[in-house]
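Chain naming follows the written order as A, B, C and D, and within any one chain the residues start at number 1.
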Amino acid sequence: MPLTQDQRAQIAEARQGVKMTLRAVSEGMESHLYNAHEVLDHGFVRVIDYMGNDDAIVQAARVSYGAGTKHVQNDEGLIRYLMRHWHSTPFEMCEVKLHVKLPVFVARQWIRHRTANVNEYSARYSILDREFYIPEPDQLAAQSVVNNQGRGEALQGAEAARVLEMLKSDAGRAFDNYESMLNQEGQQGLARELARMNLPMNTYTQWYWKIDLHNLFHFLRLRADAHAQYEIRVYADAIAACVRDWVPHAFAAFEDYRMGGVTLSGKALAVIKRKLAGEVVTQETSGMSKGEWREFEEALK
Amino acid sequence: MPLTQDQRAQIAEARQGVKMTLRAVSEGMESHLYNAHEVLDHGFVRVIDYMGNDDAIVQAARVSYGAGTKHVQNDEGLIRYLMRHWHSTPFEMCEVKLHVKLPVFVARQWIRHRTANVNEYSARYSILDREFYIPEPDQLAAQSVVNNQGRGEALQGAEAARVLEMLKSDAGRAFDNYESMLNQEGQQGLARELARMNLPMNTYTQWYWKIDLHNLFHFLRLRADAHAQYEIRVYADAIAACVRDWVPHAFAAFEDYRMGGVTLSGKALAVIKRKLAGEVVTQETSGMSKGEWREFEEALK
Amino acid sequence: MPLTQDQRAQIAEARQGVKMTLRAVSEGMESHLYNAHEVLDHGFVRVIDYMGNDDAIVQAARVSYGAGTKHVQNDEGLIRYLMRHWHSTPFEMCEVKLHVKLPVFVARQWIRHRTANVNEYSARYSILDREFYIPEPDQLAAQSVVNNQGRGEALQGAEAARVLEMLKSDAGRAFDNYESMLNQEGQQGLARELARMNLPMNTYTQWYWKIDLHNLFHFLRLRADAHAQYEIRVYADAIAACVRDWVPHAFAAFEDYRMGGVTLSGKALAVIKRKLAGEVVTQETSGMSKGEWREFEEALK
Amino acid sequence: MPLTQDQRAQIAEARQGVKMTLRAVSEGMESHLYNAHEVLDHGFVRVIDYMGNDDAIVQAARVSYGAGTKHVQNDEGLIRYLMRHWHSTPFEMCEVKLHVKLPVFVARQWIRHRTANVNEYSARYSILDREFYIPEPDQLAAQSVVNNQGRGEALQGAEAARVLEMLKSDAGRAFDNYESMLNQEGQQGLARELARMNLPMNTYTQWYWKIDLHNLFHFLRLRADAHAQYEIRVYADAIAACVRDWVPHAFAAFEDYRMGGVTLSGKALAVIKRKLAGEVVTQETSGMSKGEWREFEEALK
């Protein structure tokens, strides 16, 4: 239950406040505004504001290309053309602002995308809530044996139970002690900026995060990818579902060219040409290393 | 006459298109949307879109500071506090998109502000219009004798007439030859991407420019300043007039702390303390260089 | 003891490897290269590389201003002029790369400075060491009673002992369980990317951090400030000590104009003028709020 | 002759100044330092400084991946892995500073790459030299008939002669009048910041430009590409030649994965799979538009 009664009431109220505007509007995105999309056990993603829509992308592109583009293509075709040719600036003309509640270890990965604006809840200033991410049993996964930064099968039986117990009890005790250190009854009480260091990295934090559509697509390409850690991928998926309704043409082009596409090296391209010409090519004759060849075969499966 | 009949009709139509939205709205900014504020002889600034308002700044700040801020201050006081203490991230939560028509030499100075998104008209792709900036007589200024990058008095009489004649005839001839080189009747016609190099830097270009409020304030502080070149300052002034209506509390704080404020060095601060204690301080006893002292006295005048 | 024997040997070896270069060199910075400046109980700051020196700042400024600056000023005066007038681009021409070991809660504050390049140790990929920040007794401070994000006096006696015990035992137990969850003997072993979430935020991480001098000065102004949290300020101080030796003129100007300087609002400037003219001004007649007035009086003390 | 006698003497002197350093050195890059690579008729590219080398990229990656990577791969393989998987941060750990002299219309295209530091010669402050870009006859190309932003064949005979004459005489007259307007003998002399607007966009300017290797690769991918305008491509080629000597492994990976590679959409990938399975696929049965199909066939040729 990531949202309190209070928060639900605030959202309901905000969604009553219809106003008039002359700005570009995305009907699809209006339906998401303020609503919380629940993610993990206590997290959420909410759209707080947005700027622009598919038309705004086209309009910006037509400023650059002038009268010349008018007869060429319909809007959808132009958006696909821009995406295919890596024209990023028209996509930068759209912007979105999200409210996200997420575990700290996810926040640390997320913040590596630097081209965004962030206002995070300050545990130096305020006291955190007793909320921790505890994985569902099917996500309590073993270390992958083939990939240093991956997961294998879900843990079973007694081991799973032991791990869950450790996560819960360590988080609970850390929070008890956090509160106890802060307590000012009968003692001075430790400074908040110090006490927070006792909390584990599955503690929930929250922030406002604002980013343009081009950089958001870059975030989604990396974080909605099958190789991304599950705990950030579910946030990326929730955001992607909103973007699909916000800018449907741009999102479709993104899915085709980025999420569903593949980048081939010069060596890989040469192998495809040889194969299409009927030649049998093996890793040994490909010029690729074993790792590259394995990924190449994977892409063509 | 910077706007064509067509453009005026398009603006009138856009301003009819009232829509419903759940987003934060700034009534003051709605009145500016799409309208062209004329600048120089053929330029303009138009607000195409915006995100956020004074409330959005406060809301973002309260995310960071949590419940702790609720009782402390009213919104205006909080905004002033944020500005005074250089808390930039809440101001980054507002964004604006402008359509600007401006001479190339102004665009070259403007683009040095890198934290913004730009879509500029492409003279590689399309043909430019016959429009050049020609200064008004009172802006046809002599080189300053005290400041390498400044202006003195307006030129007078025959010299002024000569300069105006040169600017007009050189621009006119350059554009005639631009058209003549591009012409494909009875000849091949030079590539647009090459022909454009013949045009002077007072040729008008245009772009969409999108920036967050924190970085826009930084732009305005430098470009609406009395030391900025007149031809960019008039654009900054036109933008500032829109920002004042968009986020009145934030703009008032900006005016007080940035535009009307002053930064003193440690040496300057020490001199003020000595003066307030009744001491007579001269440049020689101030520890400042002559240049610093002159600027210091200027600031206290 | 933040450095292992191995690390000390590596540093000693790296400092043997003198090479020839035609590039700009800073003798002061060469003496810092690779050496670890110890910070907190297990952290350090090491200079890994740098680009430019005071001369490089001057050289870049002279590219912009051309022949015009040659006779005007000596290098030190020019650097002071650039700093006083907020000319940031010449300072951006210097760059530094640091290796920093720091607690996670400090890293989270640090990373909010986005205009930098970062490579952080990946706890998704590798296993963390058993190292936590435990404050020295004189830094185990109570919550400030006047400032939500500040510290008061050091805790005393039994309370201090209790807090230290909690921090140590919670961190120790969390790490024991982290190892236990990862363990693959007789069980599958939890994925590293999950197990890391059990660790507290005083766990040490490390990164390479690269930034230009202009943005580094901005970092230092905020983080070497008396209002910054002690645990990040000691890193800022260690870095500042290196910068002082790297670019002595630029650092002196930074100290005078930024660290030792003060920014006054238009209202505050008006009050100073009135005071210098002999008027007695109080908060009530100043036009400032109580908070502003208190800070203003503080600045003039 | 882009370099004056004075400049040649300065370069010769700078190249005498061998110093000792403990920093990472690239022998290949040392040979380029300060030397001017001539570009176009009056332009050049000079390496002024650099930070890092291939080893520095590997070292930064190993900080992130910890002990886990040590046994996996040799340095070259690791760099190829990083490039293939879009790990950009290790490449950001290298930095280069260039001195470039270039025509204004090229500078305007170049500056659209915002993630760089720039100090440009100020025509507000100083007086420009009488130097303009005039294309060689084989680069005096007609407008492309298939591509709005492209070139066709070189102009021939009388048309070529006419164009050259226009470019030369317009530039010459504009500069004569620029000097005449600035002249302070017997008149006041127009302000520099105004007079500069009379000069055409083939006037040469110069700047210091500093950028990290990741962003430089992005610049090179777009500007060393066959579709880039010739006048910026020659600069990209000159820079690429230096980068090849600076970081040979990284450059080889860049050439294979970026310059020589290709990005396929999901649709295009599906067509390749069908073709490899023996199916005959046409544009009509591909799901691609005509434009996409044409580009797809081009890529496989």
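We adopt the following convention: a contact is a pair of C-beta atoms (placed from the backbone, for glycine too) under 8 Å apart; a residue touches a chain by one contact, two chains touch by 3 or more.
Being a predicted model, the structure only gives us computed values, none of them experimental.
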{"item": "Interchain contact steps from chain A to chain D (minimum; 1 if touching)", "value": "1"}
{"item": "Higher-contact pair (C-beta pairs counted), A-C versus B-C", "value": "A-C"}
{"item": "Centre-of-Cα separation between chain D and chain C, whole angstrom", "value": "35"}
{"item": "Rounded Å distance between chain A and chain C, as computed from the means of their C-alpha atoms", "value": "29"}
{"item": "Interchain centroid distance [CA atoms averaged], chain B/chain C, Å", "value": "33"}
{"item": "Per-residue overlap in chain C, given as positions that touch at least 2 other chains", "value": "65, 68, 89, 112, 118, 120, 122, 125-126, 148"}
{"item": "Parts of chain D lying in touch with chain C, wherever the complex brings them together", "value": "14-15, 17-25, 30, 33-34, 49-52, 56, 59-61, 63-68, 89-90, 92-93, 95, 97, 99, 117-122, 125-127, 206-208, 210, 212"}
{"item": "Residue ranges of chain D in contact with chain B within the complex", "value": "103-105, 107-108, 111-112, 114-115, 118, 120, 122, 124-126, 133, 135, 139-144, 148-153, 155-156, 159, 162-163, 166-167, 170-171, 173-174, 177, 180-182, 184, 187-194, 196-203, 229"}
{"item": "Complex contacts: residues of chain B adjacent to chain C", "value": "65, 68, 77, 80-81, 84, 86, 89, 112, 148, 222, 255-257, 259-269, 272-273, 275-276, 289, 291-292, 295, 299-300"}
